[in-house]
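Lettered A, B, C and D in written order, each chain numbered from 1.
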Amino acid sequence: MGEGHPVHSEGRVAVISIGIVGATGYTGVELLRLLANHPEAEVRAITSRSAEGTAVADLYPNLRGRYDLRFVAPDVEPLSDCDVVFFATPHNVAMGMVPELLARGVRIIDLSADFRLRDAELWQRWYGEPHACPELLTETVYGLPELNRAAMAEARLIACAGCYPTAVQLGFMPLLAHGLVDADRLIASAASGASGAGRQARVDNLLSETAGSFKAYGASGHRHLPEIRQILGEVAGGPVSLTFVPHLLPIVRGIHATLYSELVDADQELATLQQYFVDYYRDEPFVDVLPPGSHPQTRSVTGSNLCRIALHRPADSGVLVVLAVIDNLTKGASGQAVQCMNIALGLPETMGLEPLALMP
Amino acid sequence: MGEGHPVHSEGRVAVISIGIVGATGYTGVELLRLLANHPEAEVRAITSRSAEGTAVADLYPNLRGRYDLRFVAPDVEPLSDCDVVFFATPHNVAMGMVPELLARGVRIIDLSADFRLRDAELWQRWYGEPHACPELLTETVYGLPELNRAAMAEARLIACAGCYPTAVQLGFMPLLAHGLVDADRLIASAASGASGAGRQARVDNLLSETAGSFKAYGASGHRHLPEIRQILGEVAGGPVSLTFVPHLLPIVRGIHATLYSELVDADQELATLQQYFVDYYRDEPFVDVLPPGSHPQTRSVTGSNLCRIALHRPADSGVLVVLAVIDNLTKGASGQAVQCMNIALGLPETMGLEPLALMP
Amino acid sequence: MGEGHPVHSEGRVAVISIGIVGATGYTGVELLRLLANHPEAEVRAITSRSAEGTAVADLYPNLRGRYDLRFVAPDVEPLSDCDVVFFATPHNVAMGMVPELLARGVRIIDLSADFRLRDAELWQRWYGEPHACPELLTETVYGLPELNRAAMAEARLIACAGCYPTAVQLGFMPLLAHGLVDADRLIASAASGASGAGRQARVDNLLSETAGSFKAYGASGHRHLPEIRQILGEVAGGPVSLTFVPHLLPIVRGIHATLYSELVDADQELATLQQYFVDYYRDEPFVDVLPPGSHPQTRSVTGSNLCRIALHRPADSGVLVVLAVIDNLTKGASGQAVQCMNIALGLPETMGLEPLALMP
Amino acid sequence: MGEGHPVHSEGRVAVISIGIVGATGYTGVELLRLLANHPEAEVRAITSRSAEGTAVADLYPNLRGRYDLRFVAPDVEPLSDCDVVFFATPHNVAMGMVPELLARGVRIIDLSADFRLRDAELWQRWYGEPHACPELLTETVYGLPELNRAAMAEARLIACAGCYPTAVQLGFMPLLAHGLVDADRLIASAASGASGAGRQARVDNLLSETAGSFKAYGASGHRHLPEIRQILGEVAGGPVSLTFVPHLLPIVRGIHATLYSELVDADQELATLQQYFVDYYRDEPFVDVLPPGSHPQTRSVTGSNLCRIALHRPADSGVLVVLAVIDNLTKGASGQAVQCMNIALGLPETMGLEPLALMP
C-alpha cells in the first residue's frame, strides 16, 4: 500500500485508490462491477494497451453512468499512486511489473497465474518460459482466504487462487485436513462456463462452436493441475495424486466440480462427514455447506462470491462424492480478489460482496 | 400504510415492514433479492398456498443465509401488520384481497394485471371475468415513475406497469408526447425471456421445447395490448393504433422492444430526435438514452433496474426505429415495484436498486 | 414379427409395418423422424392416451407433410397387426402390454427400462413395484448391438440399452473385456441434455430453471446404475464396482461421459490402449474411436447414431480417462432401437441412420 | 457445367462432380453435410487458403468417415474439372474467380453476395468497392426457386438468395404479387442465429458476449436491404419501401421474420389472405403454409430446407402480420443452393434434402 495510505477507521470516509491492469477482460470488468458498490474503494486507473483512450463504459455498457474512466497505457506511473493494484491479465504480465510496483509501496493482488506456484521450475515447465522474479514466490501469499486468512493481513503480494482450484480445493480441503480419504486417488471432474476462457477472439469460443454442446478439454493435463496439487499437498501434509479433467459448459458463468475420493473408513457415515464440513467452514462467510443430498446448481451463485458444497455417499461403495459450485468470475476470480483486499486492508471481509445471486 | 408507520427521516433507522403475496414466483423471488440489500425494508411475511411451511431458501437457494422466512397461507391477517404489501401473483388474486388490506391501512403495490386498466369492461373483455372491485380502478396509480411520479406520493394502490408495456411505453413516450410520429401507425415487435411466462409447470416452457429456438406468440392479440394503448393514448392525448407482436427468447431474463413509427416530418434528423429523448429522460435515474446508432443488448441490464434506449433512422425512409431493453423481472416488474415503493414512501428513489448488470 | 411378415430381400419392396406406443414423447418423435426416411419401414399406428385423436404433425411440426397419422388409444388391437412395436414409454407401461403382443406374434423393441435388468428383484428394488412378467426377463435380448449383435437376430423382445448406459458401457467395455483396468474402481461422471428427462410438465425442467446453469442429480444413486453394473459385470466376467454421477446440461440433446479407471499396469502406454479400442470397434458402423488426445463434443453426434470415443492418459498417474459422446435420443434411444430393428429383421444395419450430425 | 457432363437419367449412375470454394465456413460444411447423402453428387475438391492440407473431417468431426478430402488452395485448376462449383465464401471472392470458371464450362452456384444485385453501382455503394465483373450481373439468375424456377434450368451462374432475404421475400411475395398490401409501408423485423455471422474469430460472436442475450444490429442499414428491395420491387412491379431491422439470437441456427404490412382493404379477412398464400405456394416442396394463427418456431426447420409461414390479423387494425422461419444455413444458404443445383441439372428438386428437422 502506498505511503500515506488512508487507513480505514470507523466513522470517517477512507478511500482506497485502486488500479486495475488488464481491465478489458472479463475478470477486469467483474472487478469494476463489484468495486462500483464498494464503499471504501475508488478505482483511479485502468490500463489496457489495446483499448488505450477508450471509455470503459463504451466497452462494457453495464458500467455506463458509474465510471467515467478511460483506459490508459499499462505503465508503472499511473499505477504507482494507487494503494492497491489488481492484475486481471493473462499470465506473464504481472511478473514483469510487480517488482517495481512493490518497490513503490503498492500492494498487489494478482488474479493471474504468475505467482501461484511456489516452485519456479514447476512454473517454467507448465508455462514454457522462465519466471521473471522467482525471488518473490516465497513471499507471495496464496489468495484463498479459507486456507490462509491470517497470512493475508501482512502480505504485500497476494496471488489469488485460480477458478478451478478454488472449487476443487474447497471441496477437498476438509477431507484431506482430517485424513478422511485416500490422498492418492483423488478425482476432480469439473466444468466451467465459457467466460473462463477470457475475452479473446478465438473460433473455439464462438457461440456457434459451443452453444448447445459440451466437451472435455485439457484431459491429458491442464495448467491448474500443479496449483491444485501444491495446495492440496500442503493441506494433506504430503503429496497427493489427483486426476483433473475440465469441461466446457455452454454457459457464460459458473464452475461445477464433482469430486470423487475413497474413504479411508469405508463405513463412515454421511452424517459424520457432513459434520466435518460444517465445522470446517463454520465461520466462513462465503462457503455454504448445503444439507446432505443436495445438488447445488451453478446459477445459485451467479454473480455472488459464494461457494456452495454438498456431500453424497453412493450406496454399496466406499466413495464419497463432493459437489462444489462457484461463479468463476466472482469467487473464482474478482470476488475473491476483493475479499483478499478487504482482509489485507482490515476492512469487513464481505464489504462490496453482498449482492445475492440472480435466480432465475 | 399501517398505522404508526415509521416515516423515514434522515439519521434514524426506519424500517418498513413488507409482505409479499405469491413469493414463490419469479417476480416474488426477485423482490426478495432486491429487498435483501434495501437498507430500509424488512420482509416480514411471504405467502403461498402451495408452499405453505416451506422455507423460502429451500425453494430459492440464492436466498440461503439471508432469509429465515417460511411461506404462510395467503390470509389477510399476517399481511395487515405490514406497511407495504406487494402482490407478485397471477391476475385475479390481488383484486380479491386488496380492498380489505386497504381498509386496514396497508399500502399496496400490485405487480399483477388486476388494476392496470382503468376500464372495468375492457378488463373483463381481456381477462374473461368481471373485475372484483371496479371502484378502485380510478384511484389506482399506474406504476411507471417516468410517467407519473408525482401521483405516486399519495397513492394507496399502485399498479405496476407490465413488463412489455414498460419497454414499449418508455420507447414511444417522448415521440407521442411531442407529436413527432403518426399515432395511428405504431408497431412494437418485442421479445421476452422465458421467465416472463412465470414458474408454471407447462410443457411449452420446458428447456427442451424452447432452447435453441425462437418464435412469436400471441400475434393475433396479447393482454398487454390494451394496457399499452391506454397509456400511450394518455400520452398522445388521443387514441393510438398499435400493432404489438411478442416473441419468446430462449433466455431467462430480458425484454427487447423494436419500435417502428412514421415521422410526421419525414426529413427530421436523427440528432433532433435524439435530443428529444435526452431531454425527456434527463432526470430519470433508470432510463439511459444511448448515443444514436447504438444497439443495446438485453444483458446490459440483466438484474438491474435500467431501461436503455437507442434511436435509428434508416436511410431513404420516414421511419424511426427505437430500440429499448429492460430486465423483465427488474425494471419490468420487481425493480420497478421497489422504485414505486421508494417514491411512495419518500425514500431515495434508487435505494436498493444500485447493483449493476452482470457482464459478461 | 407377425405372421406373413414380408421378409426383406433384394429387389422388392418389402414394407415393415410399425407401431409406436407413447409417441408423444421425445423418443417417440425421434423414432418418427428416423423412420420417415427408412426405406423399408412404414409407421401404421401411434398410440397415446392423452393425445388420442390429435394429428402427430400438430404436436411435432417437423413431421408436417410426412405423417398423416393421428394418435389412437394404447390398445393391443391396432398394434397386433404390426410387425414391430416400439415402446417409447416411461417404465411400467411396456410390461403390461408386451406379453399379449408377443402372443400375437409381434416383435417388440422396448426403449423403456422394463426389461433391461435380468433380475426381477433388483428391478423391484429400484422401481418400487413388482415386475409384471419376470418370466420374460431371461428371454429378453439387451439392445446394445456392439455387445450382442448375434443374439438379436432371433429375439422377439429387445430391451434397448439406456442412454447413460450406452455411453458408459461403450467407453468401458474394451477395458473390462481385456482386464486392463481395476474393475473395483470405476467412476463415470456423465452429463445429459434436458431431453433425457422427457416431455413432462415439471418445474425443474423449465428453461427458466435450467438455462445457463449446470448441476449434478441423483448423485446418491440413479436407476441407470444397476443396468450399467449388470452389463459391465457380464463383460468383465465378475462383479464391478462403479460410481456413477449424472449431471444436467442446459442443452436439449447429448450425453457426455467422462470415465475414470485405474490401469492394472500403470505403465501401459496410450498407444497400446488406443489400439485395443480400435480393434474392439473395428467393424462397428456406429462407434468412432477418435485419435488419442481428442475431445469429442456432444454436437458432433447430434441427431446421428454415432458414439465417438477418445482416450487420455494424464501424466504422472495410473489413471486412464475415456471420453464418450452420444445423442441421448438417437444412439441413446431411438437410433439404437432402429439399429436393433434392422439387425433383428436382417436389414442393412445402417438403414435409415445415414444422416450426419448438424455442425454448427 | 463442363462439357461431357453426365446428364442424369433414370436408371443409371450419373455422378455430378462438385467443387466447393471456402468450405471451412458454416455454409461450406452445411453443403458437405447435405451432399453426403445426395445420391448424384460427389464432392471432388474443397478449397481453403487458410486450411490448405487439413482434412475436412479434422475441422468438422461430424464428417468423419464420410469424407476423405483435404483442403487445397483456391486455384482455378482443381475446380475447372468440376461440373458444379459452389462459392461458400465472403463477398468479393467469387467475382474474382467466376469469369474464368465459366469460360471453362463450369456451372457456378454462388452463395455469397457478389452476384445478387443487378445494379453494379448499387453493389459498389453497399460493398465499398467496384464490382469485378458487372457484365455478368444481367446474366445471373437469382437463386430463389419459388420466384424463378424456370430461369434456373438454363443458367450458368446462379446467385443464391441471402438468408434474411429468403425469409422476408417468401413472406411478402404473395401479398405484393397480388397487390394486397401497401408497398410503401413494409416492415421486416427479423432475427438470426449466430451462425449467420460465419466462422470468424471476432469478440462480438463469442458465446460469452452473446449467450443469454438479444440485440438488434444494423438497424440503420444492412446489406441485405438492397437485395430485398430489388426482388420485392420486381414482384410488386414497382419500387417498394421497406424498413428492415435484423437481430442476433443467442442460438446457432434459425431465422425468424416478423413482417408487418398494411392491407389495401382493411376489411379483408384472414381466411381470404390465407388462401392467397396456400395457392401461391401450392406446388412448392419447401414452403409450408401453416394454419392461420400458428406461430412457427425456428427449430421446426432446423437442418431442413423448409420455410414455414403463418398469418395473423390483429383485431382493430388494418395490419397483417406474417411470420416466416427458415434455417439460415439450409433454406437460407446451402440447402437452397442444392435445391438450385437440382433444378439446374434436371434432378428431382428435393434430392438430398429429405431429412426432417430435429425436434426436440
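Going forward, a residue touches a chain if its C-beta (ideal position, glycine included) is under 8 Å from a C-beta of that chain, and two chains touch if they have at least 3 such contacts.
Keep in mind that what you see is a predicted model, and the values were worked out from it rather than measured.
*Asks:* Need the most distant chain from chain B, centre defined as the mean of C-alpha atoms.
*Replies:* If we average the C-alpha coordinates per chain, C ends up farthest from chain B.
*Asks:* Comparing A-C against B-C, which pair counts more contacting C-beta pairs?
*Replies:* Higher C-beta contact count between the two pairs: A-C.
*Asks:* Could you please state the distance in Å, as a whole number, between where the Cα atoms of chain A are centred and where those of chain B are centred?
*Replies:* A distance of 36 Å separates the two centres.
*Asks:* Where the centres are mean C-alpha positions, what is the separation of chain B from chain C, in Å?
*Replies:* Chain centres of chain B and chain C, defined by C-alpha means, are spaced 46 Å apart.
*Asks:* For chain A and chain C, what's the span in angstrom between their mean Cα positions?
*Replies:* 40
*Asks:* Do you know which chain C residues sit against two or more other chains?
*Replies:* 26, 195, 199, 208-209, 211-212, 250-253, 296-297, 299, 302, 360
*Asks:* Of all residues in chain C, which touch chain D in the complex?
*Replies:* By the definition above, chain C touches chain D via 26, 29, 33, 36-37, 60-66, 195, 199, 211-212, 252-253, 288, 290, 296-297, 299-304, 308, 329, 354-360.
*Asks:* Which of the residues in chain A come into contact with chain C in the complex?
*Replies:* Within the complex, chain A contacts chain C at residues 185, 187, 189, 191, 208-209, 212-217, 219-221, 225, 241, 243-245, 247, 249-254, 256, 258, 260, 262, 293, 295-299, 302, 312-317, 319, 321, 323, 325, 360.
*Asks:* Spell out the part of chain A that touches chain D in their complex, as residue ranges.
*Replies:* 26, 193-195, 197, 199-203, 205-212, 250-252
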